Structures are given as structure tokens and as C-alpha cells.
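Let me begin by presenting the structure, written as C-alpha cells, before commenting on it.
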Amino acid sequence: MVKLRNVTKVYRTGAFGGGKLKAVEDVSLSMEQGKVVSVIGESGSGKSTIGKMILRLISITEGEILVNDKDISKLKGKSLKEYYRTVQGVFQDPFSTYNPVFKADRVFDIIRAEYFSDMKAKKWREKVESSLQSVGMVPEQVLNKYPHQLSGGQLQRLLIARALLMDVDVLIADEIISMLDASTRVDVLNLLIDLKDRGLSILFITHDLSLGYYISDYVVILYRGSIAEMGYTDKVFYNPIHPYTRMLLTSVPRLDQKWEESEEELMETQEIAADSLEDRCKYYDRCHFAAESCGKPELKKVEEGHYTTCPRR
Amino acid sequence: MKKNEFLYFALRNTRMQIGLGIVLFFFAVMIIGPSLTDYDPNEYSGPAFARPSEDHWLGTTFFGQDVFTQIVYGLRATFIVGAVGGGLATLIGLIVGFIAGYKGGILDEILNMLTNIVTVIPTLALLIIIAAYLPYRGVVSQSIIIGCIAWPWTARAVRAQTFSLRSREFVDLARMSGMSSMKIIVQEIAPNMLSYLFMALILQFGGAILAAATLDFIGLGPTEGISLGLMMQNAVLWSAIPLGLWWWALPPGMIIAAIVSALYFMNTGLDEIFNPKLREM
Amino acid sequence: MAVSVKNLKIYYQTLRGQVQAVDNVSFDIKDHEILGMAGESGCGKSTFSNSLVLLKPPMKFMGGRVELDGESLPLADFRKMNEFRYKKISLIPQYAMNALNPTRKIGRMIAELLASRGVSFSKISRELDRRLKLVNLNRSVMKMYPFELSGGMRQRAVMVIATLLDPSLLLADEITSALDVSTQKAVAKMLVQFRDMDLVKSLVFVTHDISILYQIADRVLIMYAGKAVEIAPTKKITKEPLHPYTRLLISSLPDVGVKYSERRLAGIKGRPPGLLNPFPGCRFKERCPVRFEKCDKEPPLAEVSENHQVACWREVGNNG
Amino acid sequence: MGRYFRRKLLIYLLTFFAAVSINWMIPRLMPGDPIRALIGRAALRAEAADKVAEYFSRIYGLDQPAWRQYVNFWTSLFKGDLGISIYLSPKPVTQVIRDSIPFDLGLLIPAILCSWIVGNKFGAFAARRKRLDGIVLPIWYVFTATPYMWLAILLAYVFGVLLGIFPIAGAYSFAISPSLSISFILNYLKHWFLPFLSLFIVQLGGWAIGMRNMIIYELEADYSRYMESLGAPRKLIRRYAFRNAMLPQITGLALQLGVIVAGAVGTQVVFSYPGIGYLLLQAVMYKDYFLIQGCFLFIVIGVLIANFVIDVIYVIVDPRVRHGMGGETA
Amino acid sequence: TFTRGETLYAGGGLWGPPTNWNPITPWSAVTGTFGLVYEPLFMYDPLEDELIPWLATSGEWVDLNTFVLEIREGVKWTDGTPLTAEDVKFTFDLAKTHPETYYSSLWDWLDRIEKEGNTLKFHFVEPLYHEWHNNLYNLPIIPKHLWEGRTKEAILTGANERPVGSGAYFAHSYASDRMIYVRNDDWWATEQLDLVPAPRRIVYVVIFSNNVALGMILQGELDVSNFFLPGVPTLKRTYEDIHTWFDDAPYMLSDNTAFLYMNTTKKPMDDPVFRRAVAFAINSEDIKTRVFEDQVLVSNPLGYLPIDAWMQYYDEDVVEAYGFTYDPAEAKKILAEAGYRDINGDGFVQLPDGSPIRLSIIVPFGWTDWMESIRIIASNLRAVGINADATFPDFGRYQDELFDGEFHMAINNFGSNASNTLWTFYDWLFYELGERQTSGNFGRYDNPEIFALLDQFNRTPFDDHETSAQIMSKMQEIFLKEMPAVPLWYNGMWFQGSTQVWTDYPSEHGPYHYPCTWGGRWQEGGLLMLTDLKPRQ
């Protein structure tokens, strides 16, 4: 469905636009129908950037993204609009995804104005209601309200309902639950699972490993814009290879195990400018096992459906 | 509910009340004024420099025109200049600012360039040129010129605001909904800056009035009709102050000052209305 | 006893009425203790922590008492409170990422802040170095502007600043929520270290993430809709929660190793009530799976076992 | 860095070129004939006037086709020659500007700077002090909202004619010649004061309002709140807020200083004060192409420099901009 | 500091920074360049209609084609060189070598100049007497020894900073807002004519607005003002220090006539009957009182200034027969008889063919007295059924409309100044038609007869009063019958003196000198006024 081939994104930074920041570097991955792919990484690792590139919200510096075998960077005008029929996204902050001056259901109205302008009002209403019901909401409770009158979970579900109004095949879910309460986030997660069962492909972006594990079929661990490890969820979680993955796993706060009891210690160092690591493993400066021999690693297959860049076994 | 809240705060705010009150008062004078006077603004309706009296509420000019009548009609020019000039300046500023801020890149640079160029275009010369192509200079053409000249600072401000708004997620959402840039600007970004736009409009309104007064004063006012600025200019040219015709020399300036400061006053009240953080109970 | 809060009531004055954000909350914090405070968004956690340092409109002090080391805090008196602020009570705010003046270098800001509080920067300079090291920051951050640091670094810088004068009570408000797991862990552990080194006497750690509390807190206070509903030592509350809300909350937490296909988590139906004129009685009653008639009256926060207080009629009833 | 400056430089050059060209064109679109306007001032006999007009058109190159005049304009501009003023014939434009601009600068720079400094201080002071904000500040709004010339005339009449405290015309007494003596300087200052005061009063309010609004905004920012939570005294918080609120005001100041070469027409008319502003107005009235071009050249340069200075100042003063992210949309 | 009692402050003739002292470019030259620094052959006194021998001691026609000029001896340029006939000849010859000089058309009818010692003989091809006599007091004589080496550019466009003249004052110094002249104590006229200008120093100030001028007069900081200042009559009642020529209305001498030009190439102004109707419709009396507070006089029907040089030709009979007065009823009658009737009932008359009339009257915007005046005129015209509006284009556009003949009606006075011959007046009023009318006859009145008469007048010997009068009577008749332009009122020789420091200003009670300090006109009395002044005790 969605294929990323050696995708790189470079941002220009600084007042003079002279600085360059490689937010995503040489990322290749693919998503299949009816599967959830989790992209996991710390803040700034380029997760959102990948999502936004797929959604054509920012340009791709290098490489290409294929959706249904079409290069999306070539889409323009009409074809771009058609593209959005099949690919949609939901973002982290439900409150800022809604225009605060309008009622929340305006997000539906826009869809109607843009895609279904010839549909009869009544038919449209039915469509909206059925879509709302499919995300488990009672239309009367949520329609005609301002965003601040709804909970974050409700808002996120509205956004998903909005995506469902179109014939979406691919949903980019960028940290859609990190701003939600523990109790509400479960509802949204479960909704995603239902959607997946209906055949949607979902790119689930998160920094929370337990959530990633809970929902996904496939995980991608991102570190400083590059893939550190990826593979089928069980394989990665039960057989983590990359030191970074392992460190992440031990950092997860658990209700059954204290941190002290877990093995690997976190190593914190000054963040070094990415450039100085130009031909090194990006994790070099934080890695317990860093050795002079650590050069620029490549993604290698560990076992069937499990890849990592760390040669350490 | 949100709107009501806005109105509620607007009407509850003392600054707003005072400012709006003053502006509305003069607006009312402009509307009903003509029915209160029997004279034409430029007609010699009485003896020359008569003090205020029953016949002439604000006395007469050097030539015997009724000052009150001139003010009533002059107010019209003032409001037109404010509305047309200020409105136009805000509008152009918005368009340029929105496009520059939303599109960014090279378009931004070009518009920025345009903004700079306009800053240095001589208003005076432009007025004279326009005067040459229009049969005569009226209040409206004057307002249009003011509008075409005064927009840069609004554009700059709007650009900065748009810049910060365009990276908000609802804009991304709109783009994912297939909306065109134009629609996004008008329907998504602009409504979020309403308070800001309203302030810009108020300031431009006042600014246009003052600009017109200055132009009138240095002899580039409308060549037809009457305006408060022209009244001031006439009063000065005919030495109203040394001759002691205070009833002719003072009111036009005072009225302009009153209207414009009322607008400024509203502006300072506005931030309390729009910025919930400042609402103190 | 380091801190005791009694019947604290903090409301927000709004146009439409008073928002009862912290309503009649009482609890103690012992010396050398980390008290975790958890609850859903909007239940009044920040209101509580902010009210102890900066109580200004629209926040309104409606009653109650807060004692710190035996001294009663003049919460409503902005001026008098200044003696306590920073020196005795200090806050790491929820908005820590934006809490530093963007146009001042951090070191300079600290120097100016300290000077204004009558503390000499040079005297404290060595201590500062030590603490920076403690939170794994290089001294060079003192010469940087806040935005030059990553979110996590900023948060740690604020941690250092907030604790520089060794306050008796440190309030840490949601400082880990926006961080990824590795940073979260680092930050949380540092706080513990602060307490262990006696840099702060007591600590209130506010979050909505109980799993972190499990890692670091000694006791946990669960808030719901402006009320304290349950307080107990961490182990107890995570293993044997009594209040139905606590129970549901804990059960809705996913865990590594739990997959939807194995165990489908369930959330809590409904939303917390609005705090503007909330309905009488137990505030959880609408969402509560075990509600009964008695819930129409407000349940007191009662000690059901040693060190374990719950505000639920079912539990209270069980005992008494 | 290099890329940024190259791009900026290109943009500035383009702006310069376009603005100067437009300003070259504008006076030529005006009705009327500059030479006729010039010799019209002497009641010449008819044939004489025709003859002279023809000669002067030739001298000024106005008999040539427009494109040639345009080319001539740029070529002489590169030689630093702005031509000869028509209205003030035969004074070279550069000299006209050099002779009058000191008066403008002497008046405007202090007026703008003082009003800016005092206005900002005052605005910052008034923000959050209900009394000041509600009562004293509005007085300054009223001044700012007053048509400038009208106010200036009242000032001139009251202090000059009625009270006779200050002179009402000229840059220094008509009874003395300039010298570097104390008495001359005092005399100069005495003449300078009313024009200065009028400009000062009128501009002050604008700065104050801007500052007030900005400060209120800054005082509500998270960092202010946190400082307050740490018990920092108001003074310090205010100082921080002031500094941050200052940035937009700096932009305003730079832009104001950028157009300073346009002079202060109003002041000059009301106080018969020498300077470029009134000359420029006259130049426009008399269609003195060369003087207009010359003045606008400087105004354009001024504005461009101001913009450049803003760009640079922001980078220096506001660390956020220095390291800020360049945004992007696809 | 300048001693107040020795310094005269004057204003009204300087509107921008001084930049030019070249008498060959009188339009740019600072006022006083001609008059104070450079001097003419004769002075002219419009009040007495008298040429006063100045650099020339006499000038007369020895035959119909030869004019002889005696140049005064003992005159020195301020650099010490004597002023001789050679300098005078040089001044004339200059226009021959450089045909671009403003007085070069002289050489179209002047043949040569012969110099014999201090005598200059002018031989003419065809003498234009009136024009010649006008030139006698309008040409500044320049020093040959300083000018002959100059390039054409320098002569015709130079600034001539540091002018060396023969006059009563040196151009001492200047700044952007003032011009300072200092008395030449070596002036020839002191010795020869016993004339001493009282002020040791003249500070001519640049003032941009009436307000400032008035304020300075009231404060006693401006001694001589040639501004039009509204309110003078009122102020005269309260401030006794303000001096004017007449103690009462009209206060001011008349200096030029304001005409209402009508564009005779446009309907209905191409119809003399219509134009006459306009003349009857206008209430100049009203303008005089309302706009000028009686500081001016209403013009006679010919537009002749009340000066002897002109009034000697005023033909009472012609005026009696064909003249006009303010008479709206008559105007209506004339219109009606000529077929201008209100056919469509809009209250205004239409052309005989029924097409509507809509006229505009223009004056430059900002010329406030004229603006008020045409408002009155427009309402006068409307009162008799002519639909007319007052409009105020910018000066540039006003000029273009006038030059290109696009206007309907306009007020103008550019060439009606007092002079020693009516020829200047008519030359302006009936200037030959060309592509653009830049110098007069803006209404493009085309009448070969009147052009011929004017030429004939110019060729009539200056003292042949009888022939001249006949020609003038004919012109007057045509003018009144055809009414190509309507004379309205006389603009004043605006003059206010402040008696706080100086006294003995010219006035109706004497001394009789034309109190003019405008550029190029000091020789009409301004200079002599300076010799009358006395410091106030």
C-alpha cells in the first residue's frame, strides 16, 4: 500500500536558513493493508516528519513515497485531492487540530464541501451519523458543540470519524493518544483496532512502547531520523537487538516491576551535534557497547521479519 | 455561546463603552445632523465671523458659512475616509500578509519587496497624479489613495501572525481535506485572527482619518465638498486663531481628536475582550 | 510532619460562576516523602500545586489551611507569601518547557533571580555546578538560551532552578507527561535523587500516569473532579485499589507485553463532571459501576486501613 | 549565512531598483510642466517665456524621449549625480539635500528617539497600573489622535504669539548669523523647542500604546508567571517583560528612522522651519523631477537600510530568531 | 546680533531657500537681486506714471527710429570698477549673442547700438515703442568685466552667487530661511541724488504660511510684509502698529486685475452674447466684501488698473455705451433673447439647440481667496440660470487646462500687473494664438482685428497720445462687445508695515512710493521706500 524508499528529509533552520537538519535519513519501510505499523522513537526522532511526508504536508527531500504504486510527490491539484480520499491523518493534539473559533463538526462540513458537494443534506447526515456510530459516539452528544466542550478522546474520535467519511485506506495516527488520559486513551486505541480489522492500514506513531506493543503488527524503532530496528512486533519486543531498543524497553514504567530491577542503565550524555557523528552509528555517544569499530551501520536482517542496524548480537 | 460571551465582554468593558459611545455619538451627529440645519455647508448663510448663537450654533466662518453645518457634513467625509481608507488598507494588508505568511518562500520575499516599495511611494505625488486622471479629487479617491498607501504595517503584522498560525494542526487538517490555499486562508486562518484584524481595522480607521486631515491641511484634500480637515485648513489659512474665531478653528480638530482617540481607547479595551487571560473579575 | 493540607478550597472565579477546582481537600505529606498525585486531566492537580505558590485571580482562595513545617501559609496574601516562595515552597510547573525567559541566557537569569531574592550567586555557584551534574547537564547550558535546549534539558534546567534554595516542599507538576520513556525515566529518577540527597524535604509529584508513580512515589493521592478520593502507600494503591475510580484507572493501563489480541483493555465510560456547580454527592457516581443510593451524599475521605484513606461509601460502609 | 545574505542582497537590490524607478516615473505622470511652473514665477512677456522654456527644457534634458531620460537618470546616478533642482535652480540636488537635511535630522532624530524612549518607558509603566492606564495614558492617546498640524498651530499660537515665550519662525533668530557661540546655541535651541515638542507630544502616545499592549501580553506569558511563582520581585519581571516587548518597538523605530529623510512637512509649514520636508512638498507642487527623484532616492535607501537593520537587530537582540526554524509548506 | 533699529525684516517675496542671484533668470532670482543689487536704467513710479532716471540720466527719441540714452557718470560697481555705457551695451548685446536670453526678442526689431562716450544710440529696424518703454525700467544692467568671460551656461543658468551690482545693497549672506542684504555705503545715489536707504541691513525671511507672517507682524518681528493676510482690517482696529497704504478700505493699492477667462472655443462661451450675459451676472462687489473684506476694489469694465498710465486711455463713452454692471435681470434677459432657455425645466438654461449646459470654473486648489471667489461666481451664474460649478484642480492641472484650452472658465491674472503701458496688459489678454496658450489669451479669443490694433498701438510713438487713444477706444469697444474675458476685481499690492521699529512707511498721506518688495519689482518704489523709512524714536 504505502512504500517509503530511502526517504530523507532535510529542514533548513536558523534565521539565515543556512542550517540544515536531517530529520529523517534514508528510511525505507512499507505498510500493508489491514496492518498497524508503529513508529516508535524519542522526541525529535523524526516520527511526525515521516507522517507528514506521507500526508504530503511537507516535501520530501530525497527518496520517494509510493502509495498504491504511485509516487505521491507528483500529485497536484485534483489528483492530490483524490489522494486525500484514501489517505488521512489524525494528529497529536486534538485541541489544536480543531479551529477553536468554529464548532467541532465543521471538520465534517469541510469534507462535504470539498468532496460531497452534490450529496443531499439528509443523505449526508445519515452518512455522518453512521460514521460517528462506527467510532462509538452518539451523534447528538457531539454534534453542534465547540471543541472546548468536548473531551480530547471525543475530539480524536471525531477526527477518525471524519477520516472514515472518505474511503480511507491509510490512516496516519500521529501520537493521537499521548495527550489523552489513561482512561480515555484506551477507547481510542480500541477503536483503531476495530478499524484495522476492517481493512485499514494504520501508521501508528508513538513514543510509548507499551501502546505500540499493544496495538501493532509491526514496529519501527527510530533513532535520530534513522531506523535502528524494525520488525514484527513480537520479534522486536521479545528479542531486542539494538541497545537503544533495549534501553527503551527497560525505561518503560511498569506497574509490576520497578526500574531498579531492570538490567540496563540509561546513559545520558550531552547531545552531540548530529554532524560530528557523520560516519558513526547515531547511537554511538550513548551506547554502552560503543567501540571504535562502530562505523556507519546498515540495516541488516537478523531473522525473518526483523532488521536492525546494530551488528552486535 | 462564544459570540455572546464576546459581546458580553465587549459591552461590559468600560474602555469599549466610552470609545464606542464617542464614535457612535459623532456617527449619529453625522446622520441626523443635516436635518438639524437649514444651511448648505458652503453657502454664505449669515454674517461673517459671527459668534455662536441661536441661528448659528457654532457661529460662522470668515465668509459667513455655518460652522455647525460644515462640521455635520465634514463628519461624513471623515467617516468615509475612515471606512473606505481604513477598510481598504486593512483589506490589502490582509491579503498581502496572508499570502506572504501562508505561502512563504519566494512569494513572501516578493510581497515583502512590494511592501517596502509602497512604504517609500510618495503619497503626495500619487494624490496629484490621481487628481490628474480623475476629473477632480473627491473624498473617496482620497480615501482610496490613503488605503493604497497605509497597508504595509498591517501586512507585516498579519504576515507574522499567519506565519505562526499556518503551522497549527488545524491548517494541516484543512489541507488534508482538500481545501485550496485561498479557502484555508479565508476560512481557517482569518477567523482565528478576528480580534487582531478588528484591532488593525480600528487603528487603520483612525490612521486614515488623521492621514486625510494632514493631506487636507497641506492642500491635497478633496477639491470638492467639505471635510473636517478642509475646515481646519481654511481656518488656518484665514487666520482664524489670531483673529479669535475659536469656534471655527477649534471644533474640527477637537472632533477628529475625539473620534480617533476614542478608537484608540477601544483598541486598548479590546485586548481585555479578546484575551481571556486579562479578564479580571 | 512537613506539610498538612486541611480542607483546602480553591475555586476559579468565572463569569458563569465558580469552578470548584480544588474542593475540600485534606492530606499530609511527611518529611522525606514523595507524594504522588494522580488523576484525570482537569481534576484540579495543577490548581492545587499552583495555589500553593501563586494564588492570583481568577484563582480564588475559598478556605482551608496549609501548614508547612508547622507554619501556616498565608496563601491569599500575595506579599506575605513571597517569603515562602522559592525558599520554602518551589514549583516545577506543568509548562516548564516555556517557563524560562526566552531572551535571557539561563545562567544570567538565575543570577538575577537569586540576587532579587537576596542570595548571592557566587556563593551558590558551586552548588549549582553540582546540581547540574546531578541532572546530567553540562555547565555550558548556563550560557545558553532556553530554546537552544531540548525539551527534556529545559525541564531539567528548571528542576535545578526550582530546587536551588533547598525548599522544604517541591511541587512537580506533570513534568514527565510530554517526554518519551527514556527521558521520563531519567527525570523521574533525578527527582528521587534530590529527595534522597535531602535537597528537598518533601515532594509532590503530580501526574496522570500512575505507572510512573509506582516507580518513585511513597504514597499516592488520587484526585477526581476536585476531590481527593483515595490516598495510600504506592504498593497498596496499585495492588489493591479500593475506590472504583482508582481501580478502573489502573486497569485501563496497557503494559508492555500486553497485546490487544490477548487482553483487550477497557476505558472508563463517560467524562468527569464539570466543576462549575457540580452535582451533589459523590462526583464519580455517574460513571461508577458500583453506585448505589448512598452515593447521592458526599462520601468523606475516611481511613479504611492504616495509611489508606478512601472516599467511597462502599468502602466506608464496609468498615463502618 | 552566505546564501541568506546573497538572497537578501538580491531582493534589496531589486526593491531598490523598482522603488527608484517608480519614483522616477511618478512625478513624470503628474500634470503640468516643471519649466513653465518655474518661469511662471516671473511675469515674463510671452515670447520671452516660450524661448526660455525651450532652452531650459533642453538644459534639463526634458526634451528627450522618456526612455532616454530614464537611461540618463541611471547613468548619472551611478556617477553620483542627482541632477540640478528645477524649483531651486540652479542648485544641485545633492547640495539642496545636504543643506536642508541637517535641520530635519536635528529635529526628527531627537523627537523620534525621545518619544520612543519616554513612550516606551511610560507605556511599560502604565501597563498594569490601573490608575495610570485609565487616566494618564488616555491623555497621550488624545495627543496622538490629534491632527498634528492643528496641534502644532495651537502650540505655536499659545506659546509663541500669546505668551511670547518661544519664537514662531525660523531655525534660529533672523537677527543673528550662525556661529559656535553659546548664545547662538541657546537661540537655536529656543527655536528648536516648539517644533520638537510638537513632534514629541504627538508621537509619544503611539509608542506608549504599543508598549503597553506588548507588556500586558508579556506579563501574562508563562515565563513571567513562573518568575512570580519563584517570588521574583515585580521589578525584575517587568524588566524581562520590557525587554521582550521592546522587540516589536525596535522595528517601529527603525521604520520611522528609515523615512526620516522625508522630513516633517507639517512642522516646517507651521513653524516656518527649514528642512527637506517642505522643499519636497514644493518640489512636488512644482514638479521638480530632479529634487523629487533625489529625495526619494534617499528615502528608499533609508527604508531599505532600516529594513536591513531590523533584520540584523532581530538576529542580534532576539536569540529566538537567531536560531529559529525556517518554516516550510509543500 | 543685528541691531534691531538698523535692520529691516521683510517678507512676502521669498518662498523657498535662496539659491539664485542671476538677474538673467529673474524667475529664480532671490527678490532684491534686481533692484537692490542690480539696477535698471530707469526707475518707474506707477503712482505718478513717471520714469525716474537712474543708471541712465536721460533717454529720448531723436528720430522715429533712434533712441538715445545718456548713461550716468560716477557710478561704480561694488567691486570698484566704474559702470559705463559699455556695461549697458553689453547687457543688451548679451541677448544678441545668446538668443535664449529672456529679453532677446528685442533684437527682432532693434538693429544695432552705437556707443559714443557715455551715450548709447539705439537704431531700430521697426521700433515697438511701447514695448521699448516697458523695457527701460525692467532690464538689470550687468557688469561687462565680470560677465563677458562667462560661458553661455553660466550666464543663462548660473547661480551667480556673490553678485556684483551697482545697487544700494550687497547680497551679504543667506541661509535656507533668509536672505541678508547689507547696505552699500558707497552707493552712487547717495552722492548724486542724496538718497540713503535707512536700514543698514535687510533680512528677507522665508515664510511658508500666513499664520506665521501675521504672528510675526503682531510681535513686531516682521517690518514689511507683502503677504495677502486675511483679517488685516479687523486687526487694524485693535493693533495700532499695523500700517497699510490707506487707513480705511480698501487699505491696499491695486496691483493687478483678476479676469474670468472663458474658453471661446467651447460652447456656449464661443458666443459673445453668452459671454456678455456672464459679465452681467457676476457680483464682484460681493466677492470684494466677503472674500477680501474690502481689501480690494471692484474692477472697471475694462479691467484697467486705477493708474494714470492706463486710465489716460479709458474711454468713458465707450464704457458708457457697451459696458456692463452687475445686473442679473439683464443677464437673464440677454440669455433669453439669444435663445438660451430652460427647455427641460431643470432650472438651468440650455443651448438654443436644446443641449444642456454644464460649466466648471477653475482656480488652483489652495488659492483660497480665489476658491471662495469662484464659489460666489458659480452661485451668481446659477442664479441667472447658467449651470456652473466651482472646481479646484491642482496648480499643475490648472495650468495644463489653461495652456491646452480644456477649461470652461478660469480666473487668471498672470499678466495684468501695473506697468507703464497698456500694451503689456493687452499683449497678455490678446496674446497671439499658438498650439498651446502658455502666456496669455487662455480663452483663445481669435479676432484678427484686435490683434492688428494691438500691433498698431505698439508701433505708435509713446507720446503720440491721440493716435494711441483712438486705437485704444476701438479695442475697448471690441472688448466690451465681445467680452472674451470678464474683469472682476483688482488684486491688491498687499502691504502691511509694522511701525514698532520703523516709521514713515509709504501711504496715501505720503511718502508716495509703491511699497513692493516682490522679486523684479523693487524698482517700482520698493527701493525708494527704504530711503523714506525712519527708525521709530
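Going in written order, the chains are labelled A, B, C, D and E, and every chain counts its residues from 1.
Just so it is clear, contacts are C-beta pairs under 8 Å (C-beta built on N, C-alpha and C of every residue); 3 or more make two chains touch, one makes a residue touch a chain.
What you are looking at is a predicted structure, and each value in this text was computed from that prediction instead of being measured.
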For chain E, the least number of touch steps when starting out from chain A: 2
Of all other chains, the one whose Cα centre sits farthest from chain C: E
Chain C and chain D: spacing of chain centres that average the CA atoms, whole Å: 55
Distance from chain D to chain B - Cα centre to Cα centre, in angstrom: 22
Geometric centre distance via CA averages, chain C-chain A, whole Å: 30
Distance between chain centroids, defined by C-alpha means - chain C, chain E (Å): 93
Per-residue multi-chain contacts in chain B, two or more chains: 128, 131-132, 236, 241-242
Chain D, residues touching no fewer than two other chains: 30-31, 153, 157, 161, 269, 323, 328-329
Chain E: positions in contact with at least two other chains: 209, 211, 215, 218, 394, 396-397
Of chain A, residues touching chain B in the complex: 52, 55, 57, 80-81, 84, 88-89, 91-93, 96-102, 107, 110-111, 114-115, 146, 159
Residues of chain C touching chain D in the complex: 50, 53-54, 56, 81-87, 90-91, 93, 95, 98-104, 112-113, 116-117, 145, 147-148, 158, 161-162
Contact footprint of chain E on chain B as seen in their complex: 42, 44, 48, 62-64, 128, 131-132, 135-137, 219, 223-224, 234, 236-239, 241-243
Chain B-touching residues of chain D, taken from the complex the two chains share: 7, 11, 14-15, 18-19, 22-23, 26-27, 29-31, 133, 137-138, 141-142, 144-151, 153-154, 157, 161, 205, 209, 212-213, 216-217, 220, 251, 255, 258-259, 265-266, 269, 280-281, 284, 292, 296, 299-300, 303-304, 307, 327-329
Chain D - residues contacting chain C, complex: 221-223, 225-233, 235-236, 240, 243-244, 317-320, 323
